[in-house]
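Consider the two complexes below, in which chain A is the common component and chain B and chain C are the respective partners.
Showing the complex of A and B:
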């Protein structure tokens, strides 16, 4: 299996295989190949889009002109609508990143370190929330909160609350509920790596729990907390699902919607799209660089060969209150939106709401029957997502192993670029892919990957997923004490074997976490699926969106339900057996390396 | 198994599995119309030719993809709502003129004849228009609007599409300015569209949603979308404004770079045949409720066709397009 991972990575970039025969070249060629893959996946397509902010004639219909011009940037930045969008995006991003990190961090601590009832079931909640794509959650909240929506029909929604929901408050609310799993994963995986030694030492020295969390665990978790803040900030900035629904309905213009509007016409206003994408990227890079400047301390390396699991706190009667709070989060983030989607899938019209005569199984039946376009799309998406997950998690592993040993500047640069890629809306990256692979001489006639084939779609998916995999694996690998691989290196073990035999087993659960995150997200990835739709047939997200935009949201909701069940089921089939094997293979009690469900 | 062998096997399997479905079809069709899939299927069954149907989403998203492909278009045929955008693609040499004999073979209705563009940029396959969508649960029968001007009585509760994001919405705006006068039309809209959260929607589906959820009592929407909702049992009706309505043709265009001209011609022939027209009505979604433009073809039951049309002055409309779209955006969007 490991070799297969390696094969996939080598297949995308320059052949790592041939290079391994030449040890001298391999030392240089290895990292170079990995960086080249990174540049090809994200750098070049992004550059082509951004370049248009200063070279508006680059892809003009009447012949390309490489003339520099500041006009589109000036025009875009001086437009009051764009200035408003920048302000809105910033406000929303900062607020939601804060609330998301608080909620996600609290959730991770409560689930991993407290003896709350039904811990196993509750630790599944972030995964299930993560399973639901943002455009579906946004639609669910519109179905729930609009003035004629389900909550109003049930008499549960005071009009004033409904009105204030469609604005900054509602956006922060939905973003927080929808993104807290990301924060919980990042902070949770760092928390799992903390082990018990430091805490035990502090307790033996007489420190109380509060003091331990403020003075020991808090500072140790700080890098993960900051990473979570930046990742969610980038995620909110790049979000399109809420931007095109709730934000749109609230006249709360954000940058991603501006880019979409500029890019959805013929001819496309490429300069305006490029200029707004440039602003978006600059905002995220600013935060990443500011973080690095403020926090020069090296990240702590925590997983050593001697780690012991941390003790769980006995909360006594308080655990029921904590349990109730966790249930509330689960209800708001998962049950209520899914309920709205299920209600829409099971009713024939929206206007007649939940009247008994309005219920029907027609939509579900159409979505589940074999040999229908919907079913074909679903199968296609599961296949593409599996392939993408293998390639992306392997690439991220290789890259993380390299980065962990390289200079802080390089690490910052790559982390910044990948977080920047998170913030770049998929639609922009998708455009970049078309420009590179359908317009650029050399790439245009390259047989594999090729624009219009499944191969380029998978490549685009990998590019969209790589930043996530990096964030997850980098945070796990960063915790490994260098002594572990140093020992192997001094014994003469080669780099690849060190990675496979020493590093990989220690962070295997993180790698699998990255794999499953990628798998689930890719099943629902929307913009790449739209822009790089293979001619052989559309993947599921394109079909779901098409149904929405063609006003068949009943069937779209039914398809989305089926897709969630399929993706979740497939992920569980991979996760649980693997977890059992790993648990079998190591002494009980070595902490899992990430915030996986137990 | 050695590492080398596993590696090679995995790599070739991966490559094979991705490359396998990439066999070229006889025709590649880009579209954003509900009936394109069923029509392509019927065409394949009848002729034995294969069609790859590529549907990125809405009309805007399809146009964005075509624009990104620029001078290297990957489609043979494009099939969309909207005439102006087809003209723009033809002017950029993304489309080539549809051969004259393709038009001559067809028994056009008078409406159909009026939609054929001089440039031959596209072949009209059907049409629709803009109407007032009324939620009958919110508006009593004696309070129904009868004209665009009546909409000011519903100020703040009128859902509308942003002409910057919807080609049909721009044709409606230009048509309104033509029938009601530019200044009077602007004043009318300023008094009517007082709720920005529903006056700059991005698609007809969202106008439907606003009217059905009750965020709006009335909406300005494509009439085929309203008939589709009526057929689905939703509590809405379509009211045609007394000022007259502007036609919104669906056009079929041929890529300037197509290598499959014969197949493209056969596809056009099929679409305009009785079988093709039947396939275009074989469904319950918006676009299936089009107004036929070929003699002898009846529309889907429930579809109104006795509509008072006004002919849009395309020259005036395209001359003011940037200015009027910007005005709408400044006034009613964000």
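Showing the complex of A and C:
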């Protein structure tokens, strides 16, 4: 049988194809939309922050004028308090980056290269620590280390140690335990890329384990170690969680809290907030530039065929000691802080500690009962987080699909913008949102989103989450063979259907991961929540901090516990069944088809 | 069946993807039949060109069964269900894939995956089918079998095909016409026989057959090898001036076969050899 192909059947020419004319504007429409989203969500607020720093009268309540002036910068930088904040931020950043990199690197090596018991469970610890917001960990350590706290009650805290905790030492300690997962991820992924053949070659050349680590693995891991140092330094500089808890309680001024105080506390001083934001942004920019330079210059190109998984060291009896060290890190970074929050949520007063008579369900009841302020805040945050996760992951998916068809230059530009936006401190972005939506003509009277409304807070949350979502979804799409969507195009399938029927099913797990990460992050997001509190009522993070500072730490901990249970539970309920369904849908043990995401 | 043949980087795949509409050329015009599908003023998008393509990696959608892969595009074109069923049945039958219609691509062998890619193309009944090195992912034995099977199928279905390959033997075996490409341009477009017997230039000659290309001069119908004391060769009809002598491997004989050319003697000492069992190449010197 000879079937009739369209050419033979007169398909060409006879089918009345309408040639689509593509004027320049239509061709540029996609990239313009991508840039417009970035400009509105991130670019404009950031630009106003910078303008505010050099044009102090630009947003003055009466008699605004666009005159360049270095006065606020000079005034701010010459103020002893701000100079102290800059010095504190740098000291804290450098020290914490060092200790975090050491702990994270050691943890990555122990978990990846040593044969320790319960390795699977221990490798989950960094993820759980990473997902726990820094201000909750900070509040937990306040409960543990304060003079009347749990450790003092148990006789485990010498008074001198308790006193020195509230200062640089305590901040470095909590930052290290809070950020070590970041270092472990960066160094761990570099470690995973070093195949066994490199060590085997060194062994066959007569090198012992110590020499292999000093001369082979060490130099190859050096860029990742420096990268981890830089990333954690930037994280500490941008952190607002510890800045508004332990640092504030210790009168240890840092830049992020200085910006918040200048923009929120009476009398509001926008020029001072702008000047401090400019300093913070300049420092973060320096870090980003250093990171780029380092990646370009120091990334060793491994000349290797196929990397085999590295062999794990058999430690014999020593494995139990290593296991104990990993458990200690898990205990200090996760179990102890969460235990302190849970204990405080379930007790009446901190002073009576863990006495049986002190246990109560009053706090949890207040957090979970309908129509209480605490429950309202909790429900508000869960709603905002759900909405933000839907908008951010959908937007990221659409932008990623759009980018997938764009030029390599465009993809690189947006990925660079996203990674750059990840580094922007949330508090600076929040301040920018105040300037745009409270002061900028045209935006000030815009009905939706509107300043003081929940819609603006959600928009701010989306801006903070979009870069993360884009990075997750773009990397998933990048793993798909481009021919899969090309084949769909040639089959006559339109752009939306291609996205829904071909791309989305193949990257569904990544999209859901982006959704859940955004959801969890947003439930606990602090800087935007503090800067853009809606008139309808504060979200959970703001309420938790407020309750804590008003000595209602029991209710604050109950809210935190309920929020963690709700966010974590929802994430687990969605993610694990979905992963299982996807695993069931794809037979195992047979070579994967092309384009299967690895 | 037209093959685009050329070394890596010569522009074969770029030309193929331009025809398909997956990339836009910088300038020029692409016509399909009488219709312009790409020019600087107007563009017909890939999804409306009705061109099928068998990708190098097959591009089978891993989350769809074989039947799903075949019918996905037909449903997008809103064909009636009986028409879809008929096309599906025919494509599965001619590619001998009917028993595998409910399997996922990951449950098929490499050869079966390639047949699914072709069946998907056949079911769409495109005006033109493009094959982008479809055999390059198969091992040597399977490649030969699949080449024969694929050619039978394409000819039986009377499809018009543009086939990209960098393997000259493959191009010679499958093509009605070959376009030999070099640096983004077509160096020669002709039948396989004409390209073999009358390569347009030294590049085509060198790329096609592993021929030896010897520079020299033509005078009075005689070709003299430049810088060698060998006798002139009779080349009737050759234009006078500088030229290239193309020597096919099968035309070369050991010097002993023609005593007259004793100066092109076999080496007396063989220092190295290489070959595939059928043909051998020796290197050596004149020492005893």
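Just so it is clear, the second predicted complex is superposed on the first by the 332 of 598 C-alpha atoms of A that agree within 3 Å, B and C clash if a C-alpha of one lies under 4 Å from a C-alpha of the other, contacts with A are read in each partner's own complex, and residues count from 1 in each chain.
In this section, a contact is a pair of C-beta atoms (placed from the backbone, for glycine too) under 8 Å apart; a residue touches a chain by one contact, two chains touch by 3 or more.
The structure presented is a predicted model; accordingly, all values stated were derived computationally and were not measured.
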Touched chain A residues, chain B compared with chain C: B
Which superposed partner A:435 touches (first chain B, second chain C, both, neither): first
Partner chain(s) touched by A:454 [first = chain B, second = chain C, both, neither]: first
Which superposed partner A:264 touches (first chain B, second chain C, both, neither): first
Which of chain B and chain C A:492 touches, first, second, both or neither: second
Contacts of A:239 with chain B and chain C, given as first, second, both or neither: neither
First, second, both or neither for A:483, with chain B first and chain C second: second
Which of chain B and chain C A:502 touches, first, second, both or neither: second
Touching both chain B and chain C, residues of chain A: 3-4, 6-8, 11, 17
In the complex with chain B, residue positions of chain A that touch it: 3-4, 6-8, 10-11, 17, 59, 61-62, 81, 84, 142-143, 146-149, 152, 166, 244, 248-251, 253, 261, 263-268, 348-352, 373, 383, 387, 427, 431, 434-435, 438-439, 444, 448-455, 458, 530-531, 533-538, 542, 545-546, 548-553
Chain A - residues contacting chain C, complex: 1-8, 11-13, 15, 17, 19-22, 481, 483-484, 486-494, 497, 501-502, 505-506, 585-587, 590-596
Residue numbers on chain C that touch chain A, as the complex places them: 20-22, 32-36, 41-53, 55-63, 72-73, 76-77, 90, 104-107, 113, 120, 122, 124-128, 156-160
Contact footprint of chain A on chain B as seen in their complex: 3-4, 6-8, 10-11, 14-15, 17-19, 21-23, 25, 28, 34, 37, 52, 54-58, 60-61, 63-72, 74, 85, 88-89, 92-94, 135, 137, 164-165, 196-198, 200-205, 208-209, 212-215, 225, 228-229, 232-236, 285-287, 329, 333-334
